[in-house]
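Okay, so chain A shows up in both of these, paired with chain B first and chain C after.
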Partner chain A sequence: MLVKKKKLRLGVFKYSCCAGCEFELIYFQKYIRETFDNVDIIYFRMAKSGGSEEGPFDLVLIDGAITEAWQVDQLKRVRQVARFLLPIGSCAVNGGIPAIKNHTSELDMEKRVYQDITHVHSIKTHPVDDYVQVDGYIKGCPMGRKDLYEAFTSLLLGKRPSFVNYSVCVECKIKGNTCVLISYGWPCMGPVTNGGCGALCPSYNRACYACWGPMEDANAPALARQFEKMGLAPDDIFRRFTQYGSTKPEFRRGAELYGSTTQPF
Partner chain B sequence: MQEQAFIIEKDQLFSWLEKLQQEFLLIGPKKQEEGGGVAFLPIKSVQELDLNYTLTMMGPQIYLYPPEETICTVWRKDDGGFEVRMREEVPRQVLFAVRSCDLQAILVLDKVFLRPGLEDRNYRLWRENTLLIGLHCSSIHPQCFCASMGSGPFFEPRQGYDLLLTDLGQIGYLAETLGERASSLLAALKAQPATQTHFDQKRQIGHYLLTQFQKSIDTTHLVEVLLKNQDHPVWSQTADQRCLSCTNCTKVCPTCFCYNTKDTVSFDLVRCERTRYKDSCQELHFAQVHGANFRSTRSSRLRQFVTHKLATWVEQFGCFGCVGCGRCMSWCPTGIDLTQMAKEIMVSEGLYDRRRQT
Partner chain C sequence: MDRQPNPFNSKTISIDYLARTEGESGLMVKIAEGGDVQEIKLKIFEPPRFFEGFLVGRKYSEAGDIVSRICGICPISHLTTSLQAVEDAMGIMPSPQTRRLRRLMCVSQVVASHIIHLYMFVLPDYFGYPGFAEMMPEFKKETDYLLAMKEAVNNVAEKIGGRPLNPVSMVVNGFTKLPDRETMLSLAEGIRAVLPMAYETAMMMSRLPYPDLETEGEFAALRKEASGEEERGEYAFNEGRLVSSGGLNLDIHDYFAAFCEQEQGYAQAKKSFLKTGNTYMSGALARVNLKFDQLHDETKKLAQEIGFSRPDRNPFHNNLAQALEIYDGMLESIRLLSEIDPKKEVPSVDIRAGEGVAITEAPRGLLMHRYVIDRRGVIEEANLITPTSQNFANIERDLHLLAARYGQSDDHEALRLKCEQLIRAYDPCFSCSVH
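Let's look at the complex of A and B:
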């Protein structure tokens, strides 16, 4: 007497990003059979040609940040035909790498990258939840497999998923890593960064650079000031807090102390 | 309980440990590679032991109460029922060279997890399969304040451990046993019984160590004062300016016992694995219940940590929750010092005499 199975109708939409999160989905190899047993792909351009944007979807995964107006329109349409919508990866969750450009004026940035900007219609970078309501976040760069697994199985069970919401430090302590911030005096972003990566960089004696974006309610100003005490230059501190996820107030508050940020709105 | 005291020569002790390794997994302080500190790790050869360590990041308690542990697996059976598989056995282990503060912390964990009627199954399993060997400190780390908390530098309670060692220099170790298990394991050594001179020597070392502390806290009125000052500005100031809510303090604290459980279900929804992991009151979601969060502000969470360790624990378990190991302040990225916060409160109450204490 097993739970009655109905295949989940999945949609994956990609906006501005490196597509690494979509690859992560394709490379979800360990569970590839289980995934296809339980999931019908309705729209997923990188994995399947054709498909319908119209849905309806049980689960929509949004990959990438919003940097063009057409993406906003599509996103809003998709939200209305999706039962659950989750941004996947740092770009969709926090603006990620594309949000680095937010602190330079749009035209200057376009000219720096393209010779001819007549076909560029970009706007400031926004995370997905600036435009539509989301049902959770699968953080990571690329997105964390643990959280992806949790999202799929929770949906199959009909329960609320429990995503990783603590700092990277927690995972360092579980692993018993030497603290790179305290023992070596390196500017590790771990204390304010959302965990889930298994403290990957500190496990290899490198300082965390916050690629998963801020932990909820992180106290970035306090860490930024600590970096200053440790001798980091204002520019470096500013870059640490704007490299990933500067669209989120948690990190922006840290960056603001050491450089001028522009708020996307 | 049976108590005996011997003098064991250093070489003798190490060869005894090597023999123990045939039956037990030996866990002791070991210097980590690449400039890392000393950590409690499984020991292959006794040469790896670093017995002069003062402070490890994680206490030896992680081998009694792992920071992450699978507690059971539940299988859905074809007839609609469930089958629960619990952990049945754990490796037999020796925790070697545990300092006084950590022995005290284990006593505190015993009070939490072995309460009659509320016993924690896994903790008992680990605890019963562990031979606990203490080793008194021979130097004091600048962050230590165990003397203030009554948990060091020498371990006074006659409970909890199997064997307690004090380094008497060239003479060897003064070894005090507790209980049958240690006595029978030591019998093979045919060690000399310790005499009064040895205990006098031990006392002298103790007196010397007491002069070495750089940090202290006056516990005389601590409980009342902290409970009276729930709205003291030190909480919000420290929380806003320095606390990162990274939870490091609680993760390294040897008496922090809070845990949360997480269920991981297989894709076919047949098998469910329940993992428990050490939770932390410093995390935003810790006090989240339906509709509200009891500690949504950072200052309320920081206050919870300090007042629980230094005040409310006494009412709850009859002892302090802080053993004075100094880990929380050593591994805090911004160096928040709970003795300093307590002192600031005492100063504002006119209770703290700067001349008397360091």
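Let's look at the complex of A and C:
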């Protein structure tokens, strides 16, 4: 009734990442038929030959972190022709795994991998919102299906999407999990990490390693100090807060108490 | 577009961003008047993410979770290889149950990856569509097959690993949580239900009009011989020796004695060669060629029905080999799921300094991880060699053969399509290749 049969013009752009979020999108399993019924793929290189970068797009999904200058140029052009733009997955949302390198000098990093570094043109890893305004975040590693579903249905219904915006702890409580931080003394990142995974790691008998990145306004320094009280070595605490999302101030404030973080700029 | 019908004119095929592959690459093919192939360059411009660089200084226990983010289609391969390299460095021998569960996870991933590759990346080329989404309205049965098979095999990784991509239960020396017997049996039922679709898939793949070509490189794969009372060794994914059609038979620790890699100015990926200078192909076709005897009997029968005879040197037939592996992988998954009765084991680690190497068969070929770890468990050196960088040289060599063979008879569009089909036949992953 409310749904108008107007197809969404979709663009998907990949930057520096594993493309796992794009895969998540093309599986999308049981929703795949409904999705493709309501979407026109204008640009999505992994799924389709050809297509136009010029748009215009109703929805652009950005997969991957920014690590080269040409990506910034394209991203800014795409933003201008996109009604809504959402980063998908941790790399695009918070730098993700590729941002681990930010705490070492770029030149050292290049020399560790290549003998001839003249053809390497990398810059520090940035999340998408360092360069353009975004209309929300689909977090996760790979991105969460719940938020992806929310994004598509909201656009089709013309409503404001409501993304998961609470910590992993909430999901442990809902599931009735034993707290692995308090009961077992494991260095769980759940209190500062955005939920949406359904408290996956604690449900699988291990500490959360923050793959969905920081929850907004999380108090990382408090958790970092708690880890210290529990007997974690400073370098281990530093690693906990730099594996994911250390481009974001929330986690950086936890990491910098126990090691030297490089500013992304 | 200045297309020249004169077959003796020069041709240039230039693709700036190749569609329907994992990651980012372009292609340049130049054929001179008269048909001489002047230039073949697979320009992999996927940006480097420096995994080998930033793994230095990280803990052994993080490595698996980090490297699974190298690849969105084969995270389980990277994760497993990493765990095995760490265990090799620390002298840990995981339990038979752990090794069998890992095998199950890897088989499920190989099958899942092949299904996506064949349906979404390969089929559109042969039916003349830009992508699978555009095919779906016309190909309802195929869409049903794709979705049903994908869900059945993904369920295995999801139930055992927590999620199909980047599973969380797999750690050094074990699993943090084990599925119960009932779950295993219901997963086996799920796969049994889609097995006929895998058979149909192989039949469909056998009817596609593959171009003719013979690769000149060697085939390389991991192979495990029968031990004890076993009738035949298992079709190796995680354990075994390195063998090649050129007579290589090596312990995996001697990888660097036989293989080397070179940097390319025009590509961010490195290119591997045999030290003899020869190129090689790894992946489904290499595995089926080198380990045909270790496939399930039903798969051998299917191979006969679809007219697959080995050694098959046509690289386009990698897609046929993938179809056989989908069927065989499902049979193997059913076997493992029915046999394994998970017993509680707690993964424990005695941290030791050392150097570790592991090689596994990822869906698209051989994957090598090597780490040097210090006595606190911190990684000091990391070297990762991925399937697509191992196949890189052979893909270009095949492109050369293809351009020489069809460069004059085909018009520009036909040749361009063949080049793309050839690259896709290898199921390359450019994100992996650069990492």
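Basically, the second predicted complex is superposed on the first by the 263 of 265 C-alpha atoms of A that agree within 3 Å, B and C clash if a C-alpha of one lies under 4 Å from a C-alpha of the other, contacts with A are read in each partner's own complex, and residues count from 1 in each chain.
Here is the rule we go by: a contact is a pair of C-beta atoms (placed from the backbone, for glycine too) under 8 Å apart; a residue touches a chain by one contact, two chains touch by 3 or more.
These figures come from a predicted structure and were not determined experimentally.
Q: Sharing chain A, do chain B and chain C clash or fit in the superposition?
A: Superposition check on chain A shows chain B and chain C fit without a clash.
Q: Touch test for A:Leu85: chain B only (first), chain C only (second), both, or neither?
A: It touches nothing on chain B or chain C.
Q: Could you tell me if A:Pro191 is touching chain B, chain C, both of them or neither one (first, second, both, neither)?
A: In the superposition, A:Pro191 contacts chain B only.
Q: If we overlay the two complexes on their shared chain A, which of chain B and chain C does A:Leu232 touch? Say first, second, both or neither.
A: Neither partner.
Q: Answer with first, second, both or neither: which of chain B and chain C does A:Leu25 touch in the superposed model?
A: neither
Q: First (chain B), second (chain C), both or neither: which does A:Ile62 touch?
A: neither
Q: On the A-aligned overlay, A:Val93 touches which partner chain: chain B = first, chain C = second, or both, or neither?
A: In the superposed model, A:Val93 contacts neither chain B nor chain C.
Q: Looking at chain A, does chain C or chain B touch more of its residues?
A: Chain A has more residues touched by C than by the other partner.
Q: Considering only touches as defined above, state whether A:Ala210 meets chain B (first), chain C (second), both or neither.
A: Neither chain B nor chain C is touched by A:Ala210.
Q: With the superposition applied, I'd like the minimum CA-CA separation between chain B and chain C in Å.
A: Minimum C-alpha separation, chain B to chain C, in the superposed model is 10 Å.
Q: Could you give the residue numbers on chain A that contact chain B in one complex and chain C in the other?
A: 205
Q: Of all residues in chain B, which touch chain A in the complex?
A: 32, 34-37, 39, 41, 57-58, 62, 67-68, 76, 78-80, 240-248, 251-252, 262, 264-270, 277-278, 280, 283-285, 298, 330-331, 333-334
Q: For chain A, which residues count as touching chain B in their complex?
A: 1-3, 31, 34-35, 37-38, 149-150, 152-153, 156-157, 162, 165-167, 169-170, 173-174, 176, 178-179, 181-184, 188, 190-192, 205, 215-219, 222-223, 225-226
Q: Give the list of chain C residues in touch with chain A in this complex.
A: 17-24, 47-50, 52-54, 56-59, 62, 65-66, 69-73, 75, 116, 120, 124, 130-134, 136, 143, 147, 150-151, 154, 162-163, 165-166, 168-169, 171, 176-177, 263, 265-266, 268, 378, 431
Q: Could you please specify the touching residues of chain A with respect to chain C in the complex?
A: 14-24, 26-27, 29-30, 32-33, 36, 41, 44-51, 67-68, 71, 96-98, 100-101, 104, 108-110, 112-116, 118-120, 122, 141-142, 197, 200-201, 203-206, 209, 211, 235-236, 239, 243
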